[in-house]
Amino acid sequence: MIIEKVFNKWILLFLFTIPVFGFVFEEPYYITLTTKVVILGIAGIGLNLALGYCGLISFGHAAFFGLGGYVTGILSFHALNSELMFSWPFVSSGSSDMLVIWPIVILSSAFLALIIGLLSLRTTGVYFIMITLAFAQMLYFFAISWPNYGGEDGLSIYMRNSLPIINTMDPLTFYFICLFWLLVVIFISAKLINSSFGMAFQAIKQNEERVKSVGIETFKVKLLVFVISGTITGLAGSLYTDLNRFISPSVLNWQMSGEIMIFVILGGIARLYGPIVGAAFFIVIEQTLGGYTENWQFWLGLILILEILYVRTGILSLFEKKFKYEK
Amino acid sequence: MKNKILNIKNLSKSYGAFKVTDEITIDLHFDEIHALIGPNGAGKSTLIKQIVGSVKHDIGSIILDQEDITDLTDVERAKIGISRTFQVSSIIPQFSAIDNIVLSLLDKSSKTFQLFKSIKNNKDLYSNAKKILKEIELSEKSDISASDLSHGDRRKLEVGLALAMDPKVFLFDEPMAGLDESGTKMMINLFKKIKTNSPILLIEHDMDAVFALADRVSVINYGKIVATGTVDEIRKNELVRDVYLGYEI
Amino acid sequence: MKKFTTTLAALLILGSTSSFADGHKVKVGMITTLSGGGSGLGIDVRDGFMLAVKGNKNISVITKDDQRKPDIAVQLADKMIQSDKVDVLTGIIWSNLAMAVVPATVNQGKFYLSPNAGPSKLAGKGCHKNYFNVAWQNDNLHEAAGGYANSAGFKNSFILAPNYPAGKDALTGYKRYFKGSLAGEIYTKLGQKDYAAEIAQIRASGADSVFFFLPGGMGIGFMKQFSQSGIKLPVVGPAFSFDQGILKAVGDAALGVKNTSQWSKDIVNDANKKFVKDFESEYGRLPSLYASQGYDTGKLLISAMSKAKVKDKDKFRDALRKADFSSTRGKFSFDKNHHPIQDIYVREVIKEGKILTNKIVSVGLKDHSNAYVSECKM
Amino acid sequence: MTSILFFEQLLNGIQFGTMLFLMSAGLTLIFGVMGLINLAHGSFYMIGAFSAALIASLTGSFWLALLASLSGAAIAGVLIEIFIIRRLYRRDHLDQVLATFALILLLSEGVRWCFGAFPLYLDIPENLNGTLPILDDIIYSKYRLFIIFMGLLIAAGLYILITKTRLGVRIRAGQNDRQMISALGIDISKLYTIVFALGASLAGLAGAMIGAIQSVEVGMGEPILILAFVVIVIGGIGSIKGALIGSILVGVTDTIGRIFLPEFLKVFMEPASATSVGSSIGSMLIYILMALILIIKPSGLFGKT
């Protein structure tokens, strides 16, 4: 544990310095890449709460990622074209202000997670995996064939949404906005994990029947975890739309759910910093291998398999093993 | 009626043609330990599962402290005061012993969850948990993770979890299975002490313990209660001898 | 005289490489699909382009795989613009990826030359002075199919396409030129490969012809199943489902089918002859439609480079707009919205020995532009 | 909408369903016996199709190609089981998901490496080309009838295998209690390899039979993999009977839904938007079906609770 904590500090240090290097040496692409790591890390931290800490293996978190992305895209699209979004129950013509967009993203992701959670949490095991996938696929096919917001072509918003005073179009500034959210999300997750609520949901992962027998409504606990988890992932989706200034149904695809899941498993499940490490590892491999060979996915597959077979419990566990019994 | 804390009437459950419990009527008085004995597969554990509500029974009623709890869910029953142990130790493996107890104290300690307050800083909870660990003689092992505990210690912890809930009745499913002599002795003393607060329905194979502890004994076979009475009455019962051939009664 | 000018031009170019090296160099960023399903198209575009610029020391090309994911394409575009400082971007195959990348790219003052996708938005309201489409506007081939349907005397067509924007554009394009009535109009699920249900509907509809736009594996499945169904209706479609890369997978089911294309390997002109010959000797396979588009894109770029420096944006743009290169398609010019004016041919699938390929049978639409020119304010 | 058309569409749905059954039977067996979530099952579908296309192009025989699809997928299955999958049985579902997801990348790119990026050619045999009149007015594709026939044949074969043979006894024992089969002195690792290869070869056969009328290309396995998962979840995981019924249900719902939903909506809406809305809902239909079934029966139709 000791080593993992030190390593986590290093991760934070890296996250603060790499983009600054990118800025100084005029390699802004490294800022973009690190921003991507941070955003996907946030999505992964969201999933990790449900999957890693509570044992809710959701194969449908792309639904929240995509919803957050689409809410952002749609609000900003209307603001850009000054088209009315709807006139009932109140008049709205969208917004391109992040301070307006974020709360709406958070509320709508939470609402979607509540609905999906209410329906899905009746099932367990593989059934839960598949029913969450089913809901995400429904949204995916809906988004593809819904013409108003571009369908398969997606939706370009051209300009990043704005904040008062700050220039969000500047890569480094936008990066620090994302990093701010990452820190907030890590902080919230850490607090949750160490609370009595956290004790309950971590216990549920290990032995749900026992938790029921001590008088805890496990359904409600799981539902709340699922909602928080979906909300965090939805927020990441919003930032991702702003990073690319573009949103399309591809982020709702099951492969997206799979990728978020891979970040979590790769970094080490139920480890606070795991998803960041997983996302960083994945993206670095993708970038370096992609530069050498067309068949980089072959090698990526091979590396992932070796990781699972030999490292077993995620990259971060490498920094823990030796000290396991000193807790 | 008044002296009965738990009253179960005509509880039946069948899977197809197979009746796991067949019109079971059994009750639990204040201050007593009521032992439930019978051969393996007689339906003892299934009966416990139906009382706590993790298995839904087909017909019959369950009354706890003059309140009909037949339609309540398992969690609701646990909340109003039914506490159980499992036949096979069922604890939270990656939690330390004390955290297991704290988990069990959560429901009683506050109505709602604290989302952001660190539980480790909750001194009251942890000092209460320590008291319970002391009762089950696990004080020294409070920080050991439950999966690293010995079998006997896990049985104790299991009972500790039930204790922590401070319920109206205890349902203990073979709490002494696999315990050594000193462990059994500790349990017997403990049960004698706690039964005045909350009576115990006890499933146990260790007949010495049963006869040392029980105020009343019921014998179950093929899902039916075949006899109920004091220890002496049961010892003398011919029918019970048939059921329990091989046991020295 | 001609000889003299070319020599002079060659001298000038040679001279410029040494003395004004920087000004005449162009850095090209190619974002295309090189892995996963649909990578065949990307590989052909890349190979065609690389063939065109082969040996040209003033052009350096950075190629990256977009995995057919729009978000990856956007990030690659960011990288190429920010870090690699490219002057020109090209390569994107799919309309949805183009919609994601092109607007931001051209707004940042970079040129984008589209070797394949031509979504209507980028031709109409969303047109941009720095965006040039070297292939076609998406509707073009479908419009030509509609035109062909009239000349073939079809009166009652059954039309189908996948349920996504390009599919809707396709059916709109066909209907824009087709004068007959519709026996049925179906949008299928994107990625669907089994068309038994749709074919049953076609059979029951009383149509006299079928038009379909089902790119990639979707079209292979449809053609095979349609030919097995025993329905003898004439089929017409855009070239995508009958192109060189894909024909051998469709097999004899495609024989005799009419398809519309702006290019075919039997178009008679010097540029095309050279292209087909060079491509075959370089890569050991017959070139496809996509390869020709990649090749033309490369040639267009070279033609503009010989007229202006890329840093001088206005001059370079004018040079591009002139389209002063010998296209494999023969006559080629840009309309006001920077989309091609070109002939669209009707081809028929035939067998050359054992190899399936296409032969031009007629010109579907002559000097054809697109329907969005008037919407483009440029 | 005539009843003839409806009947033909019903047949189409059943044909689609029988194909799904070949995929999902293996998937559900592998899950039931070994407890393995195998995302790479779609890769065997692809490997079967490519093996068939290769052999067909060398020999020109469709039947040899079918044989090649069975054996090609089975060989790949055995190798992958021995070198990779075997180490995953004791792992939790998450490790299995990640490892088999990685296998998809590995196998897809591997196949593309060997065969190139363009689709391959595989056609049906001449004597199955064309149509056959069945009943009065209905004509139906011979090859599709052949697919239905093969699907039912294999369903019957699996039934006999599982209920009447020694291997079947072992498989059932494995489904009920993994400890028991080792207690019975059965070589588990051999049994697991056999079951895995059996599942892989069924998927390979499906790939070849479908590849012949659709397309043989990299990435063909993933869409059908997701559908197969939908099927086994609807049917109840581990249940072959559930897989069969789930397959037919999904096949028929998908086919009938996507054709008749737009027609149905035209009653209320203008045709253009009915076509568009109907197609959207049509493509979501099987997921809606699955969600509904799971909400009512959380362990699928025939799953153990």
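The first chain written gets the first letter, and so on, giving A, B, C and D; residue counts start at 1 in each chain.
Definition applied: a residue touches a chain if its C-beta (ideal position, glycine included) is under 8 Å from a C-beta of that chain, and two chains touch if they have at least 3 such contacts.
Here the structure is a predicted model, which means the values were calculated and not measured.
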Margin query: Treat touching chains as neighbours: how many steps, at the fewest, connect subunit C to subunit D?
Written below: 1
Item checked: Partition of the remaining chains by touching, absent subunit A -> B | C, D
Item checked: Pair of chains joined by more contacts [C-beta pairs], A-D or A-B -> A-D
Next item on the list: Please identify which chain has its centre, taken as the mean of its CA atoms, farthest from the centre of subunit B.
Entry: C
Item checked: Gap in Å, rounded to a whole number, between the CA centres of subunit B and subunit A -> 43
Notebook entry, point to check: With chain centres defined as C-alpha means, what is the inter-centre distance between subunit A and subunit D in Å?
Noted result: 32
Notebook entry, point to check: Approximately how many whole Å separate the CA-defined centres of subunit A and subunit C?
Noted result: 37
Notebook entry, point to check: In whole angstrom, what separates the CA-based centres of subunit B and subunit D?
Noted result: 48
Item checked: Residue numbers of subunit D (touch at least two other chains) -> 108-109, 112, 276, 279-280, 283
Checklist line | Junction residues of subunit B - those touching two or more other chains | finding: none
Item checked: Per-residue overlap in subunit C, given as positions that touch at least 2 other chains -> 35-36, 163, 187, 189-190
Margin query: Following the definition at the start, I'd like every touching pair of chains, please.
Written below: A-B, A-C, A-D, C-D
Item checked: Interfacial residue positions of subunit B with respect to subunit A in the complex -> 52, 54, 74-75, 78-79, 83-84, 86, 90-95, 99, 102-104, 106-110, 113-120, 122, 145, 161, 164-165
Checklist line | subunit A partner contacts - residues on subunit D that touch it in the complex | finding: 31, 37, 84, 87-88, 91, 93-95, 97-99, 101-110, 112-113, 226, 229-230, 233, 237, 276, 279-280, 283-284, 287-288, 290-291, 294-295, 298-300, 303
Notebook entry, point to check: How about subunit A: which of its residues touch subunit C in the complex?
Noted result: 27-30, 32-33, 36, 141, 144-145, 147, 150-154, 156, 158, 171, 240, 244-246, 248, 250-251, 290, 294-297
Next item on the list: Would you mind writing out the residues of subunit C in touch with subunit A in their complex?
Entry: 34-36, 64-65, 69-71, 74-75, 78-79, 82-83, 95-96, 99-100, 103-104, 107, 119, 121, 163-166, 168, 187, 189-190
Item checked: Residue ranges of subunit A in contact with subunit D within the complex -> 51, 57, 59, 119-120, 122-127, 129-131, 133-135, 137-138, 141-142, 144-147, 254, 258, 261-262, 265-266, 269, 295-298, 300-305, 308-309, 312
